[in-house]
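Read from first to last, the chains carry the letters A, B, C and D; within each, the first residue is number 1.
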Amino acid sequence: MNEAAYNATELMIINAARLLQDGDQVFVGVGIPNLACNLARRTHAPHLQMIYEAGVIGAQPERLPLSIGDPTLVSGALAVCSMFDIFSFYLQRGNIDVGFLGGAQIDQFGNINATVIGDYFHPKVRLPGSGGSMEIAAWANRCYIITPHQKRRFPARVDFHTSIGFLKGGDSRAKTGVRGAGPQAVVTNLCILKPNEQGELILAALHPGCTFEEVQANTGWQLKQAPHVEVTPAPTPEELRILREELDPQRIYI
Amino acid sequence: MNEAAYNATELMIINAARLLQDGDQVFVGVGIPNLACNLARRTHAPHLQMIYEAGVIGAQPERLPLSIGDPTLVSGALAVCSMFDIFSFYLQRGNIDVGFLGGAQIDQFGNINATVIGDYFHPKVRLPGSGGSMEIAAWANRCYIITPHQKRRFPARVDFHTSIGFLKGGDSRAKTGVRGAGPQAVVTNLCILKPNEQGELILAALHPGCTFEEVQANTGWQLKQAPHVEVTPAPTPEELRILREELDPQRIYI
Amino acid sequence: MSKLVNLNEAIQSYVHDGDTIYAAGFTHLIPFAAVHEIIRQGRKDLTLARATPDLIYDLMVAAGCARKVIFSYSGNPGVGSLKWLREGIQNGTLEWEEYSHFGMISRLQAGASGLPFMPMRQTGAVDLERVNPQYRRVKDPYGGDDVIVVPALNPDVAIVHVQRADSEGNAHIWGILGEQREAAFAAKHVILTAEEIVDESVIRSDPNRTLIPAMIVDAVCHVPYCAHPSYTQGYYDRDNEFYLKWEEISKDEANIKAYLDEWVFGVRDRAEYWQKLGAETHSRLHVGQRLSAPVNYGSFANE
Amino acid sequence: MSKLVNLNEAIQSYVHDGDTIYAAGFTHLIPFAAVHEIIRQGRKDLTLARATPDLIYDLMVAAGCARKVIFSYSGNPGVGSLKWLREGIQNGTLEWEEYSHFGMISRLQAGASGLPFMPMRQTGAVDLERVNPQYRRVKDPYGGDDVIVVPALNPDVAIVHVQRADSEGNAHIWGILGEQREAAFAAKHVILTAEEIVDESVIRSDPNRTLIPAMIVDAVCHVPYCAHPSYTQGYYDRDNEFYLKWEEISKDEANIKAYLDEWVFGVRDRAEYWQKLGAETHSRLHVGQRLSAPVNYGSFANE
């Protein structure tokens, strides 16, 4: 990775932005997903729409929000509704194209643990819990996970299924009857993992300068590789300029 | 009945108004119930509040509405919500004190038929159906029925239970688990019927000049009488003045 | 991306023979213009779902568009009955499926929420359950009484009239909300008709008022006076005289044919219909001004 | 009939040791002033229910008011964790019951609707179901997949902050609505706090904005700046600096005690608290004006 040209966070944001499509209805959290959506809107996906679990649709924030319930998300939004409505009429009904997920642990099948390290009733570390992610993972048409690549974050099996990816692989997700297609990519500072046909996360693309060995060393299972592992195009000067000058000029997240 | 002094409709409205209590939250239809509520508000129950199944709370109509969805009910109301909310959060939750009911048939136990005369699948006369009355009858704390007293309207058994009173009497209503106390009075142009402890409608009060025989002749079952059948006080000049001059000056309903 | 089209194109694209349609609106905002257009286009075998069929579905039944009605109150509210519906049911020429109001809107709520059903407390009135097998029961897994459930209703098309919308279909609605929102979210396609097409900035000035978002809308049609003889809060009054006259207009084949010929087939669109109503009716339905107090959403522009 | 009382009287009357309380608001309108008053009054053994416990419940746990929390996301949103809650759970000194956001608000929706439970579609994530037996399953009587259900939550008291209310408790809310309305309808008692007490005519000018009706409200308290460090849309900004500082303020017994002594026990009420915050904070939290476009409800006065 060319540390001089861009940092790990910028790299993840830019690669996440590229996965978004024009017209996507995106259920978005603050921080990196928010920046990725705004970058996509300013580049190839001007009609992408951001939806917040707090009940805000089509936000046009005048400043970078700290929380998903920030007042700047509301002023000038297209619509605001109750949380019950956003989860019922939007997410459960199938109106959300993309969900972003994160967590302390992501496993070989894209399952996520954001609840607890250790035993649930006698926790070693208690984490915040599901929030909206249990339903987002199940019901958004596609999900993306953005996370730094560290071995402790990528165990073979998570301690707790806060939200599911492909469960145990094969047709185990489909058999639960959930409507969404599950996690379509995990974007890290080293690479992009994607599910193969069995729902197992495999190496799909390396960021410039990164190697399979580096990725494997930071992954808790024997990582498979796609037949043709791609190399992601380096962040362009224009992507970096928008990110740094327009979206996060105070460098709160990047 | 002193026909010169007041007509049957005025008599029913005034007697219905007297049954309402200050502070009652009343689920109200247009026409006679609407006039009864407005009369009660202008006499002994200034804090009575009218709620319409269309989702209007605390209406202050500038003119007499023709339908329960009239725009004059909305302008200046305290609150307007969706129909789903009015039935869920207000009625089913138990926030409604009084409901008004009507129908083509009312039986010995206060059950109402507003659906069909004859067989449901091969109707002799098809009536409008439940609308909100199935739930109002079950879930309002108290219900009142206002109807002209005619034999065909008071059969011993209704052809169809659109909404229930005391079902077959005894504890049969309580056993259904519905929360409301059921019909507390039937106000007609001849008398007031009230349920006895078995839930059977019996003669509780006669309007001035009316007789038990007259009531019995217009009722389809052997009518019991309360130990002390009262005589309702005649409409007062003030009640009649408010009704005629303030509430329905164009005599649409009265 | 603008979705503005003429109402006749929208009907052509989204309403097909055999569809289940939900023309929304409880007394308020009933989209009569859209239904007149459906009749003009000669659609057949429709299943017509509405809590209150109102004159709008009585007219469609009379015009021969309907195979079936799904409803919860089939009267002319505050006036009387709906002759064509009533006779269709009595004669067995019209299929029907019946609920209470709460059952009907609970079906839409389930449909709008992506759920298979919605629960309701029992009412003790079991006759409707007996005649309509779509009413079912579910055990309360917490040990209370059984609940009654109704299945999701997901119409092929919902037609929803609103006060103002932008060209993509983000819509402000006020006044009686009925089941507008639930019908729109439940339906597979949404045709939005609006009194006014406004700039997106008007919508964005009050996002809490946006009850229907563009993402669920397929077509946006600018149709002033779409709701007459129903009404649009703040735009024109309910034509109560028309509702009272319905008994006469609908009383027999000859009368209803005359009405259809004159007011549906005899005009090209709603603009012509409204002109034809004439100045006296326009003035009778005029409403005065009574504005909402504004609210401050706050500006967060960089100082 | 006016229900205006001081906040301390309202807390005294409606919040009792051992109660289940729901201090509503998703990020927005969180009633910090009410919770400071509960702490000042020394309430014990409370069950604290909120989708996001946020700093408000972390503070209550630290102050020793809580026996149990019911929640769906226990972080400091956008910042980090809630130390006192986390340690209470880790050490086993605090009982807890956990849901997803949708599970939590579905519990309120059931409670607000007078239903025993609400159904949700399956998510495949069964671990929470396994550890929380309040999650149950119900067969779909129409033959689809089982649905997940959660039981009604009916708190003893909901505390709901709003922008403006009349003296009886009819309240306008705008901006993020969270679960304000559901919590109020679900609760046995409702304490309403408001930035402004307005004349009933302001409420009546926009009835669609009235999300909470007086009939379910027990006490109305006029408490400007009630929500700080949370915010009130259009009145003052979220104090993000305070949320960022929480890590430090809450980091140990000494720090949190100093905070409680100074900002909770050290002031009489919210007016004193707000004064104490000082002019710089006031100016930092100032929001500009961005008004909603008015709507016309129509006047129907007799001509």
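Quick note on the criterion: a contact is a pair of C-beta atoms (placed from the backbone, for glycine too) under 8 Å apart; a residue touches a chain by one contact, two chains touch by 3 or more.
All values derive from a computational prediction rather than experimental measurement.
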{"item": "Reference chain A; chain at largest CA-centroid distance", "value": "B"}
{"item": "Option reproducing the contacts of B-C, where over half of them reappear, out of A-D, A-C or B-D", "value": "A-D"}
{"item": "Interchain centroid distance [CA atoms averaged], chain C/chain D, Å", "value": "36"}
{"item": "Chain A-chain C separation of Cα centroids, rounded to whole Å", "value": "40"}
{"item": "Averaged-CA centre spacing for the pair chain D and chain A, given as whole angstrom", "value": "29"}
{"item": "Numbers and ranges of chain C residues touching at least 2 other chains", "value": "114-115, 120-121, 145, 174-175, 177, 181, 205, 208, 233, 237, 287, 290, 297-301"}
{"item": "Numbers and ranges of chain A residues touching at least 2 other chains", "value": "56, 71, 74-76, 80, 92, 139, 179"}
{"item": "Contacting chain pairs - touch in the sense defined above", "value": "A-C, A-D, B-C, B-D, C-D"}
{"item": "Interfacial residue positions of chain C with respect to chain A in the complex", "value": "1, 112-115, 170, 181, 185, 200, 203-205, 207-208, 210-211, 213-216, 297-302"}
{"item": "Parts of chain C lying in touch with chain D, wherever the complex brings them together", "value": "114-121, 136-142, 144-145, 147, 149, 151, 163, 172, 174-175, 177, 202, 205-206, 208-209, 233-235, 237, 287-301"}
{"item": "Contact footprint of chain B on chain C as seen in their complex", "value": "26-28, 51-52, 71-75, 77-79, 81, 86, 89-90, 92, 98-103, 105-106, 108-109, 120-128, 131, 145, 174-182, 231, 233, 237-238, 240, 243-244, 287, 290"}
{"item": "Of all residues in chain A, those that touch chain D in their complex", "value": "30-31, 53-56, 65-71, 74-76, 80-84, 87, 91-92, 115, 120-135, 137-139, 160-164, 167, 173, 176-179"}
{"item": "Chain D contact footprint on chain B (complex, rising order)", "value": "25, 47, 49, 56-58, 60-63, 71-72, 74-80, 88-89, 92-95, 139, 179"}
